[in-house]
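Letters are used for the chains, namely A, B, C, D and E, taken in the order the chains are written, and counting of residues starts over at 1 for each.
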Amino acid sequence: MAELKPQSALSKMLNAAWVRPFLFLVCIVVVWDLSIRLFRIPAYQIPSPLDVVAVLRTEWPELLRQSWPTTYATVCGFLLSALFGIPVAMLIAGSKTVESYVYPLLVFSQSVPKIAIAPLFVVWFGFGIIPKVISAFLLGFFPVVVSAVQGFKSVDPDMVDLARAMQGSRFQVFRAVNLPHALPAIFSGLKVSVTLAVVGAVVGEFVGSNSGIGYVMQRSIGTFDLPTMFAALVILALLGVILFWIVDRIEKLIIPWHVSQREDVIFAS
Amino acid sequence: MAELKPQSALSKMLNAAWVRPFLFLVCIVVVWDLSIRLFRIPAYQIPSPLDVVAVLRTEWPELLRQSWPTTYATVCGFLLSALFGIPVAMLIAGSKTVESYVYPLLVFSQSVPKIAIAPLFVVWFGFGIIPKVISAFLLGFFPVVVSAVQGFKSVDPDMVDLARAMQGSRFQVFRAVNLPHALPAIFSGLKVSVTLAVVGAVVGEFVGSNSGIGYVMQRSIGTFDLPTMFAALVILALLGVILFWIVDRIEKLIIPWHVSQREDVIFAS
Amino acid sequence: MQPAAHLRLVSDRAAGDASGIKLSGVSKTYRTRDGDVPSLRPLDFHINDGEFFVVVGPSGCGKSTLLKLISGLLPPTTGEILVEGEKVTTPHGNVGIVFQNALLLPWRNILNNVMLPIDMKRLPRQEYLDRAKSLLKLVGLEGFEKKLPWQLSGGMQQRASICRALVHDPRIMLMDEPFGALDALTRERMNVELMRIQRETKKTVLLITHSIPEAVFLADRVLVMTERPGAVAAIYDVPLPRPRSLDVMADPVFTELVQRIRKHFFSQGSLD
Amino acid sequence: MQPAAHLRLVSDRAAGDASGIKLSGVSKTYRTRDGDVPSLRPLDFHINDGEFFVVVGPSGCGKSTLLKLISGLLPPTTGEILVEGEKVTTPHGNVGIVFQNALLLPWRNILNNVMLPIDMKRLPRQEYLDRAKSLLKLVGLEGFEKKLPWQLSGGMQQRASICRALVHDPRIMLMDEPFGALDALTRERMNVELMRIQRETKKTVLLITHSIPEAVFLADRVLVMTERPGAVAAIYDVPLPRPRSLDVMADPVFTELVQRIRKHFFSQGSLD
Amino acid sequence: DKVVLMLNWYVYGEHAPFYYGKAKGIYAAEGIDLEIQEGRGSAATTQAVAAKTADFGYVDVPTMMRAAIKGAPVVATGVLLQTSPMSAMGFVDKNIRKPEDIKGKTVAITPADSMTQIWPLFLKKTGLKESDFQTVAGDGQTKLNAVINGQADLLLGYVMDQSMKIKDATGKDVYPIKFADYGINMVSSGIIANADYVKANADLVRRFMSATTKAVEAAEKEPRAAAQSILDANPKGGKIDTLTQGFELTIPLYRTAETKSKRPFQVTDQNMTETVNLLVEYGGLDAKAKDNPKAFYTNDYLPKSGS
């Protein structure tokens, strides 16, 4: 594949493309603050951003400590989604029979709100990390499957024929043609999946856990401590953004050949 | 576009592909029943399927009545996701600047568990349909955006050049080339979105509604009426499957040209 | 890197002023992740209004690049291109393009693919529908209007893409090997048709081809390019009277010119 | 629908028994949503082992379809195909295919695209790497090994796809207009190379082309097809001695055969 | 007048008086057209009342205090549960009847809910240490599941609420160790209203409280009928036995020793001050609440005692 010089490109990206959203974030905070003042939104509904920042500053070590378990559960759940989602999608895309049996059931299981069944996980798996991971996995799984199925099915039949004509086994053809073709779609599924995995982990923590950001959140809801709750929300959101960004970077590394990455070479409209 | 004779094809599909999952469902119920007996899972953890079926039968009118508001909120939220998600994705795919500003913020907002902020909707919008619709919309929005962005960006630059060379305006090029190209990806996003919209509507009902399946569920949790709760889950799952199926049908109608729909014509591996 | 070394300008036709297509010092270097790919050395030439201008050259010498530069789809690395007196920066004017691969949109049937320029230019669809159909008939695709592109053979797709470039009756045609996938008979028929259309509507045509007889048969002038990175090896006037029929192929002027152009290829090639 | 009407079998070569490729009553009708598209009328012919067999025919007559049938990628509507005595139902044996469009995988660089058959057949990569590189050099793509397909010109892509079909040294080659996008010189060079390779390795080659001189130059036998739906119009033996050099093109046998095959096209065409 | 009363949660036994009052026409007699809405927790209901989405709320008064100290314009117009229903409860067959029995056991809690906040005080008063037992945390549902499935021996809950749910699910009785029995005096649920609303509609509030007082008195006498009125209004509201029993368990909480003879809602200032002090010390209530505990409640709109 084409060689990359990620060093300078990466740092440039960071400067160019990733400072801007933070600038924008500052704007958002300003708008938040202004609208609170303007519409007189009382502090017991939405706290002022300054209070939240204050909490973030003073409670930083505690919040950081609590965000590890959440991160860990999210990442595990996400990796499981990828690990199971892609093969399941392969099976679904590969066989009409599997599709007609399995797909509706996946959908079936997916439309059930996790928050309603999560308590059962606690009953079965205790108060440890497992129910959180399962919850993150269950939320993250489906988008990967759907996107991957679409990707696998969109491949040019002529390319499949090409590989088939070389007497590649079904699996080899899959690996050489369908899989790379589907990678962009798979990554779009993974991106949705990783943010949902954050939500899943937190829902798991809501339902039963002694640590994690979800625990912090629930505690602050109980004490009506809105600044802490919003601080926890901010941390969750940051966690989501960082994980999303990591997936995006990995995508750029794995599919340098894809059209969406040509901008530096050809003149884009 | 190629003409379709959906009549017979549709009924055949229904017979062939959609009876099978129901057969499989029956298997699932049997497995469910057996495992309850085998592992002696007590009725206060998971009710026996027979009890659930009994509830479904006796409470049918009530459940049906309650599922309308949920369906309504889901469909509204879903349509809003599609309506806003696709243009937002267009903007993101169309401009690097918009992308670097807006995308991280979308992710930011997405990683926040809706269940945590949903109470605010209730405070602002009361106990009507609106908080449910918003909740469904917020959950369904993101997958559409991510998938559509991927679809828009994957288009063959030569095809864009082709349309640009005809002096099509940017929007026209978009409509003639990028949009149709992205449709398969968009539909995969819509499929994820529609199931998440169900969850979103129910979460909305959890926190602020006195009608709908979510309300039935929450109340049956409160009174520890597990059979009713599972009956509600079954209805939700069915709702998800039906909406998913409708989206799938619409996809088949709208993109008959796509490779994934050629199976009836060429010899698939 | 000395373009002059290959340059043998035989053409004596006077260059017009503001009309036609004028290239001055146009070169192109593709920037890729692993180094630059020089594709065109600086080119200077002029295509007159209403002229049939044919480009031949070895594979990979930059012909398609040249076409994309003139159409405004690619920015030149150096130099500037004037089309009818205006500097080219974006796709412009009244142009019909045939790309090297047919590039039919898979979601449109053949008729709608041909109608694409009409849709893009917001011209009245009804008016052009008949024209589109008769063009399809002309190239032998009657009955395939409702088919999707992948249901056509390679040559049929190429013919559809020619119709697409012609449907809005553009003043300038840019054609990149439009007849490459056609059999001898169809190809000759298409040559004759194209020549007739060009003569009747006074279009400016830039055509890229690999067939030297075809080049000489169609052209007012033939541009021969050197190997990559491409430069002008020679520009030949074709002093054959118009209208031409296929019989000119027996004309000694014709055969002599074909021979001369062939020599360019075989002299510069490093044949083992 | 009377295939016999067009059939003028000039070939007198004896048909082998279990070797080579044997088609009996093979026809193909594509089933599409809006009706059937008959593409091939029943065909019966035999390609001998080690023979260079060339197919010519008008655009859309079913040549590519024929190639896909023989390669086992499409099932015939009627009839059966035997390759080396075995009935073809799926892709089979030791075959190298050049498709009409280059079909390079966009996620592999040129070298890895050429190595695709090696990966598919799980042959030892190291052993074939040098072969792949020397093939690329042979077709003039040295230095482009690490480029991605879209960074190559049309003709370069086509040459890469020829390398891909040759890299695993298959016994049977099926080639669908492999030289369509090449300039005259490169094309002749490739013809010579292909002929040399075929002679040295005794491959069975089925080649589809639109160039009648090329067909006669390369072939042991030439199959001429009728218009869609395709049938056998004639099969000609090419009684030119081997090894042939480009000089045979001056041979009267050569020119006469080219003329004869041309007549097929021009007689059956409804030229206006 | 049309009045919306938002409950603290989905309907359960404790809410019987409101339905009974409505069914008996007690509210109608005061010219009030009462609409009862189920809620989603005291905090949400408090916010709804503050935002005037509902006119009155039936919520946990300490929760209301936390919101009020942050500026929510709400005030308690009557405190119904003057004794804390908080308790630690486990199955009867586990034989946990005294605080000492908790040693070595596992307790299920919901982080930072009202009981968990007071829990340290209970421990202090009973001489227990955090290290004497184990804790698991989860939401309300998980807490119940943990006890039912034996992952925990006890949970912190309300005598009339969680105990009934466990009984519903398993059919087994639970034994509550009530915080109130160990010297923890705190008020619990009461009626709240938006402060501005109260000022603007003094007469309506007075009528509403009067009707509610009568409704509570009527319901006290006829617990079963009162519970039945819930089911009449809300057929899916639960089982009659559970509702009745839950309501019966609520009745003793209406009065403290000092208000034994009084009509409902007549909370004493001492009780409220004590509550505020406890909350400031243990419940994360802002210390400035101590300055004026009276700001949180008013008995001005209640009918005169004994009338």
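Keep this in mind: contacts are C-beta pairs under 8 Å (C-beta built on N, C-alpha and C of every residue); 3 or more make two chains touch, one makes a residue touch a chain.
None of the values given here were measured: they were computed from a predicted structure.
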{"item": "Graph separation of chain D and chain E (steps between touching chains)", "value": "2"}
{"item": "Distance in touch steps, counted as few as possible, from chain C out to chain D", "value": "1"}
{"item": "Most remote chain, CA-based centroid, reference being chain C", "value": "E"}
{"item": "Farthest chain relative to chain D (centres taken as mean CA coordinates)", "value": "E"}
{"item": "By number of C-beta contact pairs, the top two chains", "value": "A-B"}
{"item": "Whole-Å separation of chain centres (CA-atom averages), chain B against chain C", "value": "49"}
{"item": "For chain C paired with chain E, centre-to-centre distance based on mean C-alpha positions, whole Å", "value": "85"}
{"item": "Centroid distance [mean C-alpha coordinates] between chain E and chain B, Å", "value": "40"}
{"item": "Sequence positions of chain C contacting 2 or more other chains", "value": "30, 32, 34, 73, 101, 146-147"}
{"item": "Two or more partner chains touched - positions in chain A", "value": "2-3, 45, 120, 123, 164, 173, 206, 221, 258, 262, 266"}
{"item": "Residues of chain E whose C-beta touches two or more other chains", "value": "43, 47, 51, 141, 145, 149"}
{"item": "Sites on chain A touched by chain D in the complex", "value": "1-3, 158-159, 161-168, 172-173, 176-177, 180-181, 183, 255, 257-258, 262"}
{"item": "Chain A partner contacts - residues on chain B that touch it in the complex", "value": "16-18, 20-21, 24-25, 28, 45-46, 96-97, 99-101, 103-105, 107-117, 120, 123, 142-143, 146-147, 149-150, 153-157, 160, 164, 170, 173, 184-185, 187-189, 191-192, 195, 198-199, 202-203, 206, 214, 217, 221, 229, 233, 236-241, 244-245, 258-260, 262-263, 266, 268-269"}
{"item": "Touching residues on chain E, where the partner in the complex is chain B", "value": "9-10, 12, 37-38, 40, 43-44, 47-48, 51, 53, 141, 144-145, 148-149, 165, 168-170, 236-239, 242"}
{"item": "Chain C residues touching chain D - in the complex, by the definition given at the top", "value": "30, 32, 34, 37, 56-60, 62-64, 100-101, 140, 146-147, 151-156, 159, 177, 180-187, 189, 210-212, 262, 265-266, 269, 271"}
{"item": "Interfacial residue positions of chain D with respect to chain A in the complex", "value": "68, 71-73, 90-93, 95, 97, 99, 101, 103, 105-109, 112, 116-117, 119-122, 146-148, 150, 168"}
